[in-house]
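What follows is a single structure, written as structure tokens, with notes after it.
Note that the chains take the letters A, B, C, D, E, F and G in the order they are written out, and that residue 1 is the start of every chain.
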Amino acid sequence: MSVEEYLYLIILPILALSILLIFVRFLIGPSLSDRVVALDLLVTCGTGIIAVYSIYTNQSDFLDIAMIFALIAFLGTVAFSYYLEKREKNE
Amino acid sequence: MNTVIFKSASTYLLPLLLLFSVFILLRGHYLPGGGFVGGLIASIAFIIHSAANGLEQTRSILKFHPGVLLLAGLTVALFSGISPMFIGEPFMKGLWFENPVPVIGMIGSALFFDIGVYLVVVGVTLTIIFTITETI
Amino acid sequence: MIKTRFLSNLLLAFIWLALTGNFNFGNFVFGFALAFLIMWVITVNRRENKYFTRLPLSIGFIFYFIYELIKANLQVAYDVITPSYYMKPGIIQIPLEAKTDLEITLLANFISLTPGTLSLDVSDDKKVLYVHAMYVRDKDKFIEGIKNGFERRLLNILR
Amino acid sequence: MELLLVFIIGLLYGAGVYMILRRSLVKLIIGLILMGNGANLLIFLLGRIVKGNPPLINSDANILGEIYADPIPQALILTAIVISFGLQSFAIILVKRAYKVVGTDDLDEMNATDEDL
Amino acid sequence: MNDIAIIILSSLGTLFILLAAIGILRMPDLYLRISVTTKAATLGIGLMLIAAAIYFNEVAVSSRSLAIILFMLLTAPVGAHMIGRASYFTGIKMWKGSIYDDLKGMYDPKTHELSSKPPKDESIAK
Amino acid sequence: MLIAVLSGFILALSLVITGKWIKGKGAPLVGLFPLALFGYFVSFFPAIMKGESLTFTYEWIPSLGVNLSFHLDGLSLLFCLLITGIGALVFFYTAPYLKEHIYLDRFFGYLSMFMGSMLGLVLSDNIITLFVFWELTSISSFFLIGFNNESEESRRSAMMALSMTGIGGLFLLASMIVLGTVGGSYEISTLLGSADMIKEHENYLWIIGLLFIGAFTKSAQFPFHFWLPDAMKAPTPVSTYLHSATMVKAGIYLLARFTPMLGETVYWNGTLIIIGSITMVYAAIHAVFRLDLKGILAYSTISALGILVFLIGLGTDQALLAAAVFILVHALYKATLFLITGIIDHETGTRDVSKLSGLNKVMLPVGIAGILAAISNAGIPPSFGFVGKDLIYEATLGFETLIWVLSGVALLTNICLMYAGFQAGIKPFTGQLPKAYEKVHLPSPLMWVPPLLLGSLGMVFGLMPFLIDKSLIQAVVNAMIRGGALDVELKLWHGFNLVLLLSGITLAAGFLLYYFLKPSALLEAKTNRWEKLSPKSLTKGLGGIFSGISKLWTGFFQNGYLRYYLIFALTFLTFILAYKLFKETELYINFNDLTGITFYEVAAMVIIAFAVLFTVLTKSRLAAVASLGVVGYSICLVFLFYSAPDLAMTQFSIDTLTVILFVLVIYNLPKYLKLSNQISRVRDGIMSVIFGALISILTLEVLNEPVLKETSQFYAENAYTLAKGKNVVNVILVDFRGTDTFVEITVLAIAALGVYSLLKLQLKSTEKE
Amino acid sequence: MAIAILLLFFWKKKNAQKLISVLGNLISVGIAIWLFYIVWENGIYFTQAGDWDAPYGIPIVADTLSAVMVLLTGICGLAVSVFSVGSVRNARVNFGYFPILHFLLMGLNGAFLTGDIFNLYVWFEVIIISSFVLLTIGGEKSQIEGSIKYVTMNLLASSIFLTAIAILYGLTGSLNMADLSLKVAALENRGLVNVTAFLFFVGFGIKSAVFPLYFWLPASYHTPPPAISAIFGGLLTKVGVYALFRIFSLIFIPDEFLLNLICTVAALTIFSGAVGALTQINLRKIFSYLIICHIGFMIAGLGMFTELAITGAIFYMIHDIIVKTNLFMSAGLIFKIKGTYNIKKLGGLYAAYPKLTLLMAIPLFSLVGIPPLSGFWAKIYLIDAGFQLKNYALVGFIILGSFLTLFVIAKVWSEVFWKESEELTAKEWVRYFKDLKPLKQKAIIIPILFLGLVSLYIGFGAEHIITVSSRIAHELLHTEPYIKTILQK
């Protein structure tokens, strides 16, 4: 079994499974914060998928996308935290 | 937001992200990236900074109104678009310097165009975000 | 002042080299120039920081961190995959010796990065750090662990 | 795989339609965004999809290899994405302004222009 | 050799991510979920990126992988901190099994200022 | 000739400029202008008498075949003379009549514009040009009727008149166009040559049907007649000029003009006879019961027009001759009656015939004019009216079938008309002068000379028909007869015959009626009651229904609810799309062309699907936004899987930004309310499922088609060699399709400007405009 | 475009903005005339952006239709620009009014001149966003409400347009319109082609406001300042019509079904617009509905799809652009005088301002098509074409539409100009005409006069317009030269 096959047959499915599990948390919430955390983790997990995928397809350029993911994923979290706090303040 | 952790993190993220954005901009012609994404990343850098430190501080870093960037970007793009017309070529014709420059590769009107795009995107995004934040 | 700036500049230039993966003089010069530009853009009066001053300490710290990381991860993993919960979570107030923003931030981040603990917030007078932890068998011991582990090592590097 | 994408595209369009028929202005914009995503995927799919071969010319080659993903749809989508970003952001701001002026995001409260003076 | 390293690293990384995924699903309260996920995932991704760096074996790729890891180390805890803090504001309760809450009552409800000393009495262990 | 026609318009314009002067002393002088034109047209007498006709052509729009071509023959000359002659008198009459009016200049302006249009109408040889002038008469009459524009009634009648003649005009236009297409030319003189061909053409019925509507509306034929009595709200000079002598005759002119081309078919003649007889009888009876002098005159005018239509419908040489004469007869006496009505109204302030009597004691010349006109109207020998009436009876008696019905109709009409004429021309001047009117005095000669002149002409032509029979009437008739070469000789006395008997009966019955039937409000009210069933109320009712439908239609579609607008649009799209898809294409899935499915792709898709559903169903805005973010990020993965790294990057960054924007904006919005009910949700749900399914099906079908990739092949091969880039997508963006990108950043820039101004610009309360 | 950027440099200086704006419009009219001259003398003028041969680059093509549209845009742009100087408040000028106006004009010109279907989409977006901004600038309640409807429908249209482009690209792999023409003709699956054509029809149909897709228009066009309504009323929907003509001559030849559909839609559009206008009392709403009604005329020309009909439709479009722009400006002037758009409250203008009334009578009666004013001549072609095709129902609707237009305008005339003036309380937020500086007064009147003269020219010089229109119709129905020129085959 080559590295590529291993990644393709074992790693990617597990990552996909993880991403589904995280998504379940996203769906069930219950609070917005839970969703935000799940969203953050989804993106992180996505970054992992990209890394593996770039090995699998031998396209190192895909790592750049991973880089962008890593950099700005947390912006969403920041925005939602900002929102939560502001809302709290306003009420 | 009033948190030390975020504030100091943002201080380091800002130059990092800006650097990264220019990197993405310049390699666009050869690899994934380009003016759009570069510009977006640059603006995200400023947005993070402003979320942590408040708008005023980000403003003082930026030194001018984002609208100026927008304008500069449009001008650069337009100029790179119409410059071929001055030498009798059609609009948007690609012009290139003879020799490649290290790091960036070939320098041509397309690059300037991309820089224009970059500036416009930064200008636009920041104008929008800053305006909203101000009027909240 | 000039020195620290120069150092930051240099550092950014190296990051540029790393990013582009193209190590030659021309690229370095370009990276340096670019970094200079960026620093010019972003500099407001703020305290400069020292990089690489305590390199060996840093490396030691990194290993310590990785050790903690793996240890805690296994602990959490066990808790996650076994059906019952062993954890005793709570939010703990930890007095801070770290003074500067950088110190506090780094400390808080490392605490957060270690599984099982999460820096929730720093008080506005920067005297205490509030940490959420999964395994707080003994509050004082826990605080002691953090102070002697992360904080001490970190401050050693930074000061 | 195309089948799945076809389904997703249909879903995005359908959901977009459903959302723009709601009374909330925010939902309306979300609907438009969903539909825009659907349209982008549609362009993408109809340009035919190729796995793992982005339209990048190898550093040692001068033309693209045998198999490559069609770059045109990608360029089109990129343009479309950015344009819709511009429109969306303006629309989102409009929500804000509308709320400020009208006091709600309920579209049913915004009918005055179709009534007689 | 490289292949084996890649396989081991990626497997480990994946395991950590899976762990985080199960964790976020299973953990009983938000703070625990944040706790579990931030680091497990960061670690997982880190390992995978190292695997990628080994696979491509190019300076450019390696440096990029390192950069990503660096970014994640910088951003993930900050994000966790922010959402955790905001959630505490909005009054998201801790799991019933929690034993301490030193934060209780420390926030000024108006200014959101956080004091280091409790307003009147000592924080009470649960 | 062109100048003659255009001079009316030029004068109209110059009047606007010299308005002040006109309002002062110059008013009567304006009348010299139509007088000069009258003289100009008189100068054509000799030529016309010789049977010649004159044509003048000026090219206007050659590619459409529209020329300013003018053709002067007997028929047009007659009308020209009426237009300019009566016009001149009306101009003189107006000067004192509206002396005090501040907008006298405008009035003259409209009047001369009208005169110009009318001249153009009767002179045009090109049917499009004819229509142009036709419409201009409608418009100028709109202005004239609504001249007293501050009175609501006057505005309403102007609207009514314009509506009727306007819609008629449009039908006429349609008719003219079809005629032009069928006959291959817009020139009447050319079309005359292909008359037989036109009559056999399948579109013949369209041509005459539409033409009739045009003519009938203009000439106030049943059932389109009712605008004319309403139009009497206009100042009297207008009524005189437009509604008796000239404009209403435009329809008659049209019928007369086209008789040689389109006539002599059962449809043509039959319709005209039927409509003409209904109109003449109906209006004549109405005229009998009116109290308002102008009302009487209006209905009798309608009736007279009916007679003309009827005569043209009969279509025999005899009938056409009668028509030619009657046009002149009617113009003379009706104009007179109108003018004196105006004087009476002007001096006494009333037009109620039951209140008027004995005015000859204070305004004898007017009385004389009235009596002369009434005589001519009644057809009492030796008036010109008598000649006319004889000719009418001759025509009915000479017709091939239904002689007695036709003659009876004519008889009945004439009796009523005679009564009406007496009411208008004699009743006010005879009998006891009421006290209230004792101080009434004769107005300026400019006012009473014109009616007297016209009234006398009715006598003069009666006594000396030779003055005009050869010179004018013969030419008129021959213009109406195809290849006509009729020799006309008018005589007052034909000897004892059936015609004379009918005339006698008319006179006797008329006198009896006048003697016994006194005008009363009661009778008028009774007739008014019929009005409920009259075309006027029917049309009004229809108009009401139509405006009801308009309101319903508009209210239904433009209901203010955006979602219904969307539903309408989407339903339209969906149904036709579905129809087309199922009818014209077939669906099959070509599994060979599909790429393989892997678990991670399925996972991404599942996430998209559920995230979309969650976005749709969640009750929290923020959750929806977050979920939207998930959709976007997953799409990002899809882009990544299928080799679009640039897209993935951009989508990711933009999605994040969108989320930020949303979050920044909606944090202070109130909670989502559950705003829609179950039914609408189900309805919208069904709609969206169908729509989504259709898009899916469409996509599948397109996927089955073969792939063409010529352009991308070119890009793939030349991106580096020609554009020096290796990221082909980026090369396309900044080079091959750089224009797109350029425009796109413009869009962004505008959006930013917009956001800026939308949020920053707070108009002060004084700047809201 | 350059002008818009230049204007941005003068963001703060409102007077400079006004001056540059007007000068810029003068220049663009000059360029437009030059372009028209070139095209008229030498046939299709085109340049390939980036010097990439078709179908690989984006061609900028001017055939007669495009050149005419550009010229009309220039003329209306100039008029509106001058009008804006007189009528738009400084508050708005300070927030980018003029630059965005120029972006809008640029978008229009771009849409008229592009030879690439996706590029057309992009230009459309420029038009949408700038009109969106112009519509909301100031952010009054009614403006916001109107613009929400406006933008939603238009974005829906864009989505549909984009979907259609996607399908077209999926079928042919090309975006160049000339190239598409050949490739679409060669496709075997006609069913799909027809479906795609229908999608385009709906996409552009929304933009050109046909039944049952027009609803956004009456909801929004009366809300912004008059100068903006003027440019909207004159030009915006016509871009949709232009696109319909372009697409359905160059790329698709409509099938029987689609033609019937277009005719039906045209008839209902005429009807809806006309009856809508009948029910309204707001001057600008009346004009808005009349836009819809008259769009129906143009679409009817397309639906009949003969050279005659298209000539008529093109002529009508030329006339309508000028006249509608002028009408909305006139409405603005009326508002400036009386402070309301409500025809029930208006009145007495004739008595008070006879010369202005005469001025405004030109567009009003031109619209009705009182011969020989400009609206008249096109109808001859349309009716003629209808009869030749035996499409009597459509002719009936055209006549009905014309009649109701006449009726409505007469009503407006009678209410606004004739009726006795009613004393209205002055609104403090209206800057009344009589209070304006003479220069501003002139800036309001001159454009109305200018467009009035243009429409008189269209009416009396119909020969020229007909020559142009029929050449356009011929070019639209015989696209071989276009394709040959672009593809250089």
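Convention: a residue touches a chain if its C-beta (ideal position, glycine included) is under 8 Å from a C-beta of that chain, and two chains touch if they have at least 3 such contacts.
In this text the structure is predicted, and so the values were computed from the model without any measurement.
Put simply, the chain nearest the middle, going by average C-alpha positions, is G.
Placing every chain at the mean of its C-alpha atoms, the farthest one from chain D is found to be F. A separation of 40 Å divides the Cα centre of chain C from that of chain D.
Mean C-alpha position of chain B lies 30 Å from that of chain C. Separation between the centroids of chain A and chain E, computed from CA atoms only, is 13 Å. Computed centre separation for the pair chain F/chain G is 26 angstrom, with centres defined by C-alpha atoms.
Within chain A, residues 15, 17, 19, 32, 36, 59, 61, 64-65, 67-68, 71-73, 75, 78-82, 85-87 each touch two or more of the remaining chains.
Residues of chain D in contact with at least two other chains: 16, 20, 28, 38, 42, 45-46, 48, 51-54, 56, 59, 72, 78-79, 82-83, 86-87, 89-90, 93-94, 96-97, 107, 110-114. Residues of chain F found to touch two or more other chains are 558, 560, 562, 566, 598, 602, 641, 645-646, 649-650, 653-654, 656-657, 660-661, 664-665, 668, 695, 699, 702-703, 707, 709, 711-712, 715, 726-727, 729, 733, 735, 737-741, 744-756, 758-760.
Residue ranges of chain A in contact with chain B, taken from their complex: 61, 64-65, 67-68, 71-72, 75, 78-79, 81-82, 85-86. Of all residues in chain A, only 8, 12-13, 15-17, 19-20, 23, 26-27, 29, 32, 35-36, 39, 42-43, 46, 49-50, 53, 59, 61-62, 64-65, 68-69, 72-73, 75-76, 79-80, 82-83, 86-87, 90 touch chain F in the complex they form. Only residues 1, 49-50, 52, 55-58, 60, 89-92, 94-96, 99-100, 103, 106, 110, 114, 116, 118-119, 122-123, 125-126, 129-130, 132-133, 136-140, 148-149, 152-153, 156, 160, 163, 167, 170-176, 179, 183, 187, 189-192, 194-195, 198-199, 202, 206, 212-213, 215-216, 218-219, 225, 257, 261, 271-272, 275-276, 278-279, 335, 350-351, 354, 358, 365, 370-372, 376-377, 379-380, 383-384, 387-388, 392, 395, 399, 402-403, 406-407, 410-411, 414, 417-420, 428-431, 462-463, 466-467, 470 of chain G touch chain F when the two sit together in their complex.
Residues 118, 121-122, 125, 128-129, 132-133, 136, 139-142, 144-149, 151-152, 155-156, 159, 162-163, 165-167, 169-170, 173, 175, 218-220, 222-223, 280-282, 341-342 of chain G are the ones touching chain D in the complex.
Residue ranges of chain B in contact with chain F, taken from their complex: 24, 28-37, 40-41, 43-44, 47, 66-67, 70, 73-74, 77-78, 81, 91-92, 94, 96, 105-106, 108, 110, 113-114, 116-117, 120-121, 123-125, 127-129, 131-136.
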